[in-house]
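Sharing a structure here in structure tokens format.
A, B, C and D are the chain letters, set down in written order, and residue numbers restart from 1 in every chain.
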């Protein structure tokens, strides 16, 4: 028999115990420990990004209108927090802070709530004045100067704008509508929260926020190169038959955003080495890379050159940016949007679906079968557990759930 | 005097019973580490018991899955009075990242009165000790109320 | 001429009452009341008559010699048929009468639902009369006759419930091996008669010792094997298991408590009187070894059983092993202890068999794997069983402990006195066997009375009062004989032990010599055991503790009030699951022990084939061994 | 009958039962031993450990808890079993002499070592019956293991006791001595038994028996709390559980003091001689002697607890039940057997 601990046990009697004596002697958490959340309402711009990225739904807000604006109470429920700090990472203004305080013991649920009140003032006087200014903006007199507004809302500089729609995509409040074809840039004054995300996102610095330098309007001909530039840019690369992306090395700045957003992880971009690689096997040809690329350096699918003028006569509906997809163009199908089923199982919207197969790949029950070539989308009713994963992963929101 | 003695003793000898209601095991590991030499909760009289009948404090970890719910409730019911229920980690308090899943029945407070919540994912052993100290206070109050 | 009511007639009356009852029941047994009255009258009368003899025989040391037809000794030769009652005979007689009486009380309710009840009582009384005749007889051939009567009555009773599985098979096995035993006794008797030309026991005892020749040695071997068969000693133990398993419980009481005693009685008479060979170390060793082997082998066999009654049957032989071991020591303390244990065995094993019968009566099975949790439905039976279990396991202060304690003292004393380390081994085996017995009965309590109640026995009821009365009698005796070992030793066992050691008085009493006054010295044990004082201490301690426990109102006992709908709080903890039926018990409870002894157990399992040919072969081999052994050593 | 003398004796014995070797003494010293054990184990594991008085807190706490009687349990057995077990232990404590102090000095002795051997079964049987009566399947498994543990420990314990009886008997010339008083008297006159070479293996075996008999680590397969939910005690709560815990603590005291009485009995007379040497006489001297003897015995019990229970606990892991059985029936029995053979042939 072997007793390996005899010496250990005997010598331990005469040694100091290795106990931290915690409640008696206070103990500090390690550096970078993520403990109790501190919320700085003064820094918060109420963009709700934190709420959207929170995996545990721990962040909520309640807004109540006041006389001069809104009173937004933002609550962090520590009892639902995973302390992953994603919200902190996403908060552009450092309004969320993780401290090293780990004493999160409560007898009531309220003790675990971290709240802060953000008061957003509606610019009462200037708002009516700004309204007429907005429609005026698209047609400024030559030589006029476009100045940033003083109510904190963005202003477009048409001479710089390429109508890439990125600002509209990034806008957390959905206050921007940009039509690439019609070259319109519309701001919904009521929705806009004045967060400045659009200005940050704009690759052309075509949006002015308070504090920015005013920009002189160039010659009226300035917008003209834009349509010309677009076909020229498109001609640089030719889209592939199979719908997978192709890089335009001239435009690409190797920002890696396409690689980050690729749901299939099929892209590998090295900023330093200036390389852009596509893993053909992983790619599901969903077109996400194309849509996220701030430089429009990616082309997915065959570009339908004659299609470009097609939407021009009338302002396109909301799906206009997707007009590049060949499927949408087929007008023979009546636009009958499918309705979600009430048994909790998913329904495909053939109008939106690109048959990228990602839903089938992610389905935990293996209930979906998608054939890219045949353009079929089949659901096995028996296998389906109604979890909604397919709807969540669909890059085109083509599944109703 | 006897009452006082029992009350004091109740505060000095809390025995734990640990229920894993679908936990990812993170909290379970932290709970066990509370008994290791470094934290040594036995200083407070804490002992891990094998059956709810011996327990004073019930520690629940995990988001209370649909499968585990009746078991958790039955086990808590079998703990003799005075007893104290501690939820450990975010899961039993809200469901955490599993909230809204078809297989989660939590949070626990929907079904029983929870005395102490220890937040964290997983909480630090020190936080667990804090929670136990709090639970001991509550236990003492409950014992006093029984007199 | 003697008065008809004089005490000298009592022994023959005691025997005749039983036989008379047997025949009268055949005539009048159709009527239920008449049947029961007759049965109780005959066994009660027999018991009363023997009790009346206690003052004279036990205390006065008198030996009653009764010549049938008044044909007594003529010319130094005993021609007539004699009954000779010394303290030893009376001791066994009392034992038998008591057991038969209680079994009879129990039978009234127990056998209610059987067919052919008059026949049952007839056989029952025949069996009782046979054993009674055997122990009171002073004539070797009469002993054989009685052996035949009791063997055939026992065989018939074993097969009484012939619809039960295995009853006929058990009876057949018993018939075959029992006949071998009876034949051995007959052959031994004949050989002795050929040598000594007499059948009177006293006369044989005066002629044979010292005149050994080949024939007498063979006779010794034959008689020893014959009586061993009656006592079911190893290697005849498998029979007992089968017989007990099949027979009604009241008959098991008789087979275990009475019939085996007749075997022990026969062996004592054989070794102490007929051959007076106990001064030889080898003969002592023979008895001790056979006893110890029976003791140990049967207790391990019992551990492997999963049938309540078979388990009890093996324990029965194990306890008989104790008796034989103690008797084989040939010291006063040893014989006293052995007889004391024989008495206790009758009492507690009777109680246990009756409890098994009660379980059988209510549930219809004795399979440990199927029973459980009966204590909630049969609380009285449970308490009575626990008393019996504590007694047989030797838990103080019950009677099993008192006699076992004396046996340990006796064996250890023998080891020291003879300076033979072998006796020490016997002490150790005895102590370990006792613990194994405890283990076995813990198993039974868990498997039958505690644990969880199976669904099918939810509606079981307590047994009728008549059956509880029978068990209660035994239980009271268990406690009394456990608490008063000094009185029991003084009035019952010590006189019997002295009688066993004084063959000369026995011979002289029959053949008309001068009878020396009986010895009255009590055996001296080295240790100390004072159950009354101990119980007093325990009682005070228990009372004090209960008082302290109830002192504060802190003892908040909460129970399930409604009882019908099970609140989860009062459910058994089942790791959080809804508690369901999961009885831990049955045959393989102590696998931690069995695991280490697995080779032994598998060997035993292979050995006990259940084929009667094998058992008959064992009997022949045992006989051959005994003959060879005795030829060499005697 | 109710003379003054009788009353005096009765009161004296009540005092014995309730105070000195009885309840109060058992309660205090037993729980103290338990507390010291827990503290020592903690220290050996480099922990701080609970306060020494922790078992007292545990006991009083349990007294104040609700006692739940499961619906499947047999109530009377369930509630009476702990009381019976503890009472039996207290009574055993009366039979174990504290050096020269003996409860039954002037009265016929009530029990000898064989009786003590059997009385030690009663607590085990009571906890088994209590557990069985609770109707829990965990208790069923616990019962199986507890019984096998008892079986395992019984054989070496028998051998140890027999070898002591034989050694003392040889020396006294009476062949054998079973009486506890006899053994104590012999040691008071001739020095402790452990000084004899033949008794050393037996003493060692006894040391190994102590943790097995008390059911302490690593021989606690019957109560494995992580494995079978405390086994026999699975359904016990409140005061009955407290009494079982107390019984466990008292059992430590009983076995360690039994060891002291069997093997170290000679120390008591040394104390008496020491006091005589100082020159004290009379009632005061005997009082001081008694006090000192009790103190020394308690100290020895503590040391024995540390060595046999705490140390063994700290350095071993729990044995499986069949390993436990094998260990006791080979190693420990072997040691005891050596002693018995030496005692037999040693003269």
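Criterion: a contact is a pair of C-beta atoms (placed from the backbone, for glycine too) under 8 Å apart; a residue touches a chain by one contact, two chains touch by 3 or more.
Please read these numbers as outputs of a predicted model, since none were measured by experiment.
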| item | value |
| --- | --- |
| Farthest chain (mean CA position) relative to chain B | C |
| Mean-CA-position distance for chain D and chain B (Å) | 36 |
| Intercentroid distance (Cα basis), chain D paired with chain A, Å | 74 |
| Cα-centroid distance, chain A relative to chain C, in whole angstrom | 92 |
| Distance between the centres, which are taken as Cα means, of chain B and chain A, whole angstrom | 40 |
| Where chain D touches two or more other chains, by residue | 45-48, 63-68, 138, 229, 234-235, 238 |
| Residues of chain C engaged with two or more neighbouring chains | 552, 554, 556, 567, 569, 571, 573, 575 |
| Multi-chain contact sites of chain B, meaning residues that touch two or more partners | 6, 37, 40, 43, 51, 53, 78, 81, 146 |
| Inter-chain touch pairs (all) | A-B, A-D, B-C, B-D, C-D |
| Chain C-touching residues of chain B, taken from the complex the two chains share | 2, 6, 19, 51-53, 68, 70-75, 77-78, 81, 146 |
| Chain C-facing residues of chain D, complex | 13-14, 17-18, 22-23, 63-72, 74-77, 79, 83-84, 86-88, 90-91, 94, 108-115, 117-119, 121-122, 125, 128-129, 132-141, 143-145, 147-148, 150-152, 154-155, 158-159, 162, 165-166, 169, 174-179, 221, 229, 234-235, 238-239, 243, 320-322, 324-326, 329, 340-341, 344 |
| Chain D-touching residues of chain A, taken from the complex the two chains share | 3, 5-6, 8-10, 12-13, 15, 17-19, 21 |
| Residue ranges of chain B in contact with chain A within the complex | 37-40, 43, 90, 93-97, 99-100, 102, 107, 109, 115-121, 123-127, 129-131, 133-134, 138 |
| Contact footprint of chain B on chain A as seen in their complex | 17-23, 27, 29, 33, 35, 55-58, 77-83, 102-107, 109, 111-112, 385-387 |
